[in-house]
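Structures are listed in the sections that come next.
You will see chain A twice below: alongside chain B first, and alongside chain C after that.
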Partner chain A sequence: MKEQAQNKQIGAPMNRVDGHLKVTGAAKYSAEYELPNMAYAVLVGSTIAKGRLTGVDAKAAERAPGVLAVITHFNSPKVPGFDTAGKDPSQPATVGGPLKIFKDDKIHYSDQPIAVVVADSWERARHAARLVKGQYAPEKHKTNLEAGASEAFLPTAAKKNPKHPMNDYQRGQADAYKLGAIKLESEYVIPTEVHHPMELQAITAHWEAADKLTIYDKTQGTMATRRDFAKEWNLPEENVKVIATFVGGAFGNALHSWPHESAAIIAARVVNRPVKLMLTREQMFTNVGYRPYTWQKLGMSATPDGKITAITHESIGQTSNYEEFTESTLAQTRMMYQAPNVTTRYRLVSLDVCSPIWMRGPGEATGAFALESAMDEMAHMLNLDPLEFRLRNYTDKDPENGKPWSTKFLKECYQLGAERVGWSKRQLKPGSLRDGEWLIGYGMGVGTFGAHRGAATVGAQLLANGTVLLQCATTDIGPGTGTVMTQIAADTLGLDPKKIRFELGNSSFPKAGTQGGSSTVNSVGPATQEACLALKDKLRGLAGASNAAFASAKKEDVTLTDGYLALSSNPATRVAYADLIKQGGDKAVMVEARPGPEGQQYSMYSFSVHFVEVRVHELTGEVRVSKLVSCADAGTIVNEKTAGNQMKGGAVGGIGMALMEAAHIDDRFGRYVTKDFADYHVPVHADSPAVEVAFVNQPDPHVNALGTKGIGEIAIIGVAPAIANAVFNATGKRVRELPITPDKLI
Partner chain B sequence: MSLPPDLEQPAGHDESRRTFLKQSSLLTALTFVPGPVVQAATNELDEKVAAAFEKVPLKLEVNGVKHKLSVEPRTTLLDLLRENLNLTGTKKGCDYGQCGACTVHVDGQRVNSCLSFAVMHEGKKITTIEGLAEGDKLHPMQEAFVKHDGFQCGYCTPGQIMSAVACVREGHAGSEAEIREYMSGNICRCGAYSNIVAAIQEVKNGGQKV
Partner chain C sequence: MNQFQYVRPSKQQAAIDAVAKDPNATFIAGGTNLVDLMKRGIATPQKLVDINRLPLARIDADPGKLRIGALALNSTVADDKQVRERQPLLAQALNAGASAQLRNMATVGGNMLQRTRCSYFYDLAMPCNKREPGSGCGALEGINRMHAIFGFSDKCIAVHPSDMSVALVALDATVLVSGPKGERRIPFIDFHRLPGDTPEKDTNLEKGELITAVDVPDGPFTKYVHYQKVRERASYAFALLSVAAALDIENNTIKAARLAMGGVAHKPWRLTAAEQLLVGKPATEDTFRQAAEVAMQGAKAFKHNAYKIKLGPNTIVQALRTAASAA
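Let's turn to the complex of A and B:
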């Protein structure tokens, strides 16, 4: 806490360290590296959803101008790791490799790549790709979850391990809600939603030598990607370098390696040139994952005075026929409210589709739509204010395991948000408020996500010019990782942030996990802090050789200043960097920070609540979100500007989820009919209100020394039900199948 | 990197092309066409002729730099900027004019560069994000985006900024609602809309020359 008191940068709304690069167009994304003799690759997708590829007619493509190669299953070089990189389907989706492209003739899903065309320009590669024709032996495909629901199964991982979180859960009596006097039973559906970051998935693959591969890739984890492709090519990991300095959004879809990456690497091998491959927006629907279509049923019973007696929450989500993708859809139901009887059941249905992958607020955002809608439905049945109903079922310890919360300031969030949105204007009776033809309603939804922390290593080095260089393999897909790490380092070193450079997005840097699950600041933050402390201690030791005051000082007692290492208590006592560097002071220190045992003692979660005011047009059913207030208990806020932005972004994502986003498959062909932003709508400027954000900003002393808990997921979890609940309050119409399009309201 | 001169093919291309000519189409050609054409094919003339027809001369000015180019008619302005002029600040997000990431100014007007062919811009002046600042001095809109954190991942940012500058110049930044309407062609999937609008309002209300 002593360090906290001295914080100058932590908590300050510092501008992003890479802001200048981003506003001038100088930030380079994965398809923007200039390499000599670049070739361009375009994928050709299967036109059937299931079956075998019997042949590929590539003659016309091969003779098209500028074409260097057309690679298919029938002529692809052998990828050595495809035979050895065996994959247990029960492992999480990010473990193991992507679909083994061109390895065999099996078609797993529509638009699965059957060929990659390489040419000397985009134009020529695109043209030639259109000339490639696949020949198929089709089989009957399944792409509809509801039609396959009778085949729903418990994930293999859960079958194998009784302690696996995807197993059925029960506390108290099973399905006890059925016995309740006041009860509800509702079914909820969320459609397939697609991440659709603005940057199309792209990779530039470059074999620098026969056994040395460099890829510039859109990934959330440089080390995970390195592992996947080192495995595919049976290479030592150090022979594969993954560069992802800038990532143009991802929201989860770059947590997995995908077929196009393998295809570009194979293509670069075949043509012996660097190869650039960028998916089309249409291929972003079909080849890089999505939030899976999920059916849920939620039963709940309560006493007349508003105490929940039982909840049963069941979920069936879709996965592919070659991977078992699971997510924590039912987690929030088990721990959010004080209910003595809770049952959860999670099932999957295998369909002939590309594998899903975690999309922002994965699972929890899906589950919260059912849970938080049901909370609103029950509050309405009880004639209670939904906020009051939640307060009556508030928990001061985790009801799932009985552990204390590491910290929980959700009540404070409720209060902050209710005031700001004007909750007191809300009427219990739906349809009570209007402004001309617009019906006005208020709704709320709660979100939570585990405060996850993993091991991370940061390297710190004093440079001769008096600046400090920090390096870590972590990535920044948009939250501002480099910026907040610079702030953390500035406070720990006592140095001006302008004299600190935090480099990331390179698998050769000290190791870190993937940027996902709201865990980056929780994990890399303490590693940055500890690396800076270690650097100070090292310099202090060197200074101690010539100055006794330093020899007896502690690392916390010294600070870096302009050109000197000085005692914090007496800055006049100092040693010049130049002297320290002469003694080897410019050698990097590397420190790994790992989570402690606190995770066993406490339940660690971030919490959020979203309050919404909607206006629904009485005649057209158009829904406008006129106010959105998101309040979060996310521990210490390192940078209110970037953290606030992240919260606002999650809220906008929630508007999309609630009101417009749905990817549709035509089951007759097993193929997506939504192919671009004309038919898959995402929120634009006009759909977004000025989102208000408030943080409780109380440090959590148990997750790490910084007190952070994570923001990325709780920003969206609970937003969609808040909007659905507000729509009910405005209209009296309960929509349980997202998105809430006008046809469902008129 | 600049465009290769007329008729010149990049190295590495010719091998496969030649192979094809010798192995396949020549056989077809022999059956259908008179001798001189076959001779032309074997002399690789057909390809040079085809390439000459494939490319069109184009003069345009990008960020104050005059370019004399030879481009395929099907090359979009976006791909010309990114792949041939190495101006990768202009982003590709959909190729259908639906996302706005590729917004540039053509003779001062905002245009989705993915929806226009390069050859449509003969003699025109193009401004991209790289040409907005004056040397080291950022354009006020760029400054405002940094200050208000009008981005997260940064990928839609160049398009947002080019659109925002045009939005103010057009006189469509009169209110928050008007800004939201006239900026709706630029999608930000990170959802930084509130901050982008704040940045535009500051520039509009600041009275600086945009």
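Let's turn to the complex of A and C:
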């Protein structure tokens, strides 16, 4: 009971602290900053996929009204750091690096920026951009993964380092599934999928002095972006300021910096004015990454009583010709199920395309489509309920490294979800259930993602008006970071959340990592908690100077109230903030929280399971997801509402992945034929049922003191195979190439 | 978008003159397609003649027919009491198209004149005979999932994207046109054209001709109708394939039938032979399947749209089945 009293806000479905700002349009996104004397920039893309840029005819553009500059490789100022700029050390190492815009004449992919047109209005810049004509010496390009599969290679980082996770993995005997009496071998394909957050990628770049740069940028990491551009321009990091107070969704595509950001900064330098650059929706397909097209093969064998004996999982993903992008496609296969023999092999194919970038549930969402589909295929072969099959292969410790799980409540998730979706109605024999013209089926898919935690620092300060101001450079791309940090602070301080202000999205604030990999609450949460404790302790110390009761009080007994520092045990014992501030109580305390050694002792993962009911039309092959229940073991749930919102968003993303999302390239031209929302479909409201979410909500004592494990990725991982499995259960048709469009079912 | 002049005449003749006399002028009404095309540099008119001031938005319930003004909004027509009672198939088809927001902007005339959604038409860096005659057809050997199975040529395999037009062709509508040479009436089935050697022309409208109204004659199709649209998501997507079905059934015998398909040709595709087969037959699954087979005769698929050869008859059966039970 005492614990509940202390945790008043944590767990509560508190409304978003910035909800009002967002719905009223008062929240400012990176394209909404208006600076005096602003200029506007629009990119011009290459029309060939590979070759050299031999010239740019910009005469007509330069003569067009309002045009200030047309910048290309031929006239761009030298970016001093392009030869030395490094990469973000918080991200997995990639080989090569992001494209360096206007550095040379090489064309690496279709629609690669060959020029940026700067004008006094966005419309004029866009018009002039169309007048720019590139001249090319084209070379033969490759954009098809399957055609290039024979050239698939082990990532260079793995070749160089035998311990790199992208190396081939083996436990037990290699490819042992081939020896099994009951075995399957299936190939799976996921097409390129594009993040498409609602907010377009945009940047406003402002050189406040020759060596002082401020950018308002769409980024998931203000510190990483600051580091990138400080390096590009050989500036001390403190001379670069990155502001991303609000980010309108990202799903991974703002995890590292992109050429358009460099272009805006170069343009601002050239015209000596602040420059705003916003990509078009079409450019969002071609210039800021995507979930890579991936081919997979999965072999599995099992005993007649449903014990997996071996799994081999191979994957070939696409990358660009200038950067080796890798992702953890095969990670879930190595740790999810007991299997004495497991082999994984990860390969890449270099294509003449823009580099991929992590997209929600990166790697795992792709891999889970193969693994969780294969689980369903094997259960069907064994004539077993797929849930029962998973239970028979449940693991109580991590089979990849033998370590205990920090916590694992996946069985509880199974139980919650199966009940809610009505799993007992599922028939073993496909095609058994129907409602008139609609065939009904049930399916499930499991997801997991590492409970990652990094170092983070939060500053805490008591203001004269009795508000506590917290600051951190972390971003909020939509999950509600500011809201949950306010809840954590409220409980730690004992203060009304209305008296707390959590500021983020500014590289000048205390350090934090990039918002990605479901790690923000795990990392910034404890820093918030510890900063609040430190603030309280500091105030207690100051209060103790004038009031002996505080000097001897226990830390936990001290609480912040409206206007006073007080003792919980005796609220009459109190000292006014004004008195504390006189003694220097308004100075900020900064606390860095770092992960402990537990990460070495335990395997730390969040888990999810998604149960769906689908209806498939017998004649038209249309699929409707009629029920979707997502259950998660994500540790402590800090805010049931925002956490539920993340789960629902991930589930809807999973519906898109399963049923409609696919970006296609016409390989003859190396160009996308899906370039807008008429061709590239994402789910509309009518495609999604009322998604039900259930959390086990058990704290993980090893990740951090809050007990959180992370939600963002597991919300989508496993959804697509759950739908594919349900479609099989409804129709008897196994679709192994996403998306499951009507043409594949008739 | 290129610079353009903009005029907004209040007299019909002035509007017609403005377009007829200027080779680079074009009408604009709702602009839901034209503005997109202009933003992408696919349409580059030098002058826009806005016709929204013309009194062409009325829906007149005349004896024997509905006269729907060219400027009547898609949403207005779909919600109109007379349309819903006398031509429910048209209301259904309209509501299957676009989104609520677009239907609130798009007009009846504009809906008929929307350009194809072929990806190659929309990309200036790829060939398209419709956009740039003589440049080739990108879709022919390209990604042609959405493309035609009927009536195409080696110059163009694009399809017409309108849902409304599929219902109108089935309902024997007539397009009323006013132009520099006076007024004329075009049977709906002759309004859109097949690509042949001139795919840049979508319709048989002459330069300067303005659609003023569409007449939809009353018929027995007030009850057993259905517009079946198959698409990749539940709403707001162009059809992979669609079927407009209208039946007159008495004592389970089909007295009259109308059938048309969308998403299969350069124009809304009327299925006359299938209609003939249906008449006099019992309204059963067998009959529907026979009609569907007849309807698909002559269909030919490309690399990525072979599914339409099977989806077509299935969708016809589904449309007829639903229409027959729509009492």
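Criterion: the second predicted complex is superposed on the first by the 728 of 746 C-alpha atoms of A that agree within 3 Å, B and C clash if a C-alpha of one lies under 4 Å from a C-alpha of the other, contacts with A are read in each partner's own complex, and residues count from 1 in each chain.
The working rule: a residue touches a chain if its C-beta (ideal position, glycine included) is under 8 Å from a C-beta of that chain, and two chains touch if they have at least 3 such contacts.
As the structure is a computational prediction, the values presented were derived from the model and not from experiment.
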Could you tell me whether chain B and chain C fit or clash when both sit on chain A in the superposition?
fit
Quick check for you: in the superposed arrangement, does A:G649 touch first (chain B), second (chain C), both or neither?
first
May I ask you to name which of chain B and chain C touches more residues of chain A?
B
Given the touch rule stated above, what does A:E123 touch, chain B (first), chain C (second), both, or neither?
both
Looking at A:E503, would you say it contacts chain B, chain C, both, or neither? Reply first, second, both or neither.
neither
I'd like to know which partner A:V684 touches here: chain B for first, chain C for second, both or neither.
both
Where does A:E737 make contact in the superposed view: on chain B (first), on chain C (second), on both, or on neither?
neither
Examine A:P479 and indicate which partner it touches, taking first as chain B and second as chain C; both and neither are also allowed.
first
Just to be sure I read the superposition right, which of the two partners does A:D579 touch: chain B = first, chain C = second, or both, or neither?
neither
Could you tell me how near the closest CA atoms of chain B and chain C get once both structures are overlaid on the shared chain, in Å?
5
Per the definitions at the top, what is the overlap between the chain A residues touching chain B and those touching chain C?
123, 127, 676, 678, 683-686
Using the touch rule from the top, collect the residues of chain A that touch chain B in their complex.
15-16, 18-29, 31-32, 34, 37, 39, 59, 62-63, 65-69, 120-123, 127, 195-200, 246-251, 271, 273, 278, 280-281, 477-480, 641-642, 644-646, 648-653, 676-678, 682-686, 688-691
Could you pull out which chain B residues touch chain A in their complex?
1, 9-13, 16-17, 20, 24-25, 47, 50-51, 54, 72, 74-75, 79, 82-83, 86-96, 98-99, 101, 128-130, 132-133, 138, 142, 145-147, 149, 151-158, 161, 176, 179-181, 183-197
What part of chain A is in contact with chain C in the complex they form?
47, 110, 123, 126-127, 130, 437, 617, 619-622, 624, 659-660, 664, 666, 668-669, 671, 673-676, 678-679, 681, 683-687, 739, 741-744, 746
Quick check on the complex: what are the chain C residues that touch chain A?
1-3, 41, 117, 119-120, 122-123, 125-126, 138, 141-143, 145, 228, 230-238, 240, 307, 310-311, 314-315, 317-318
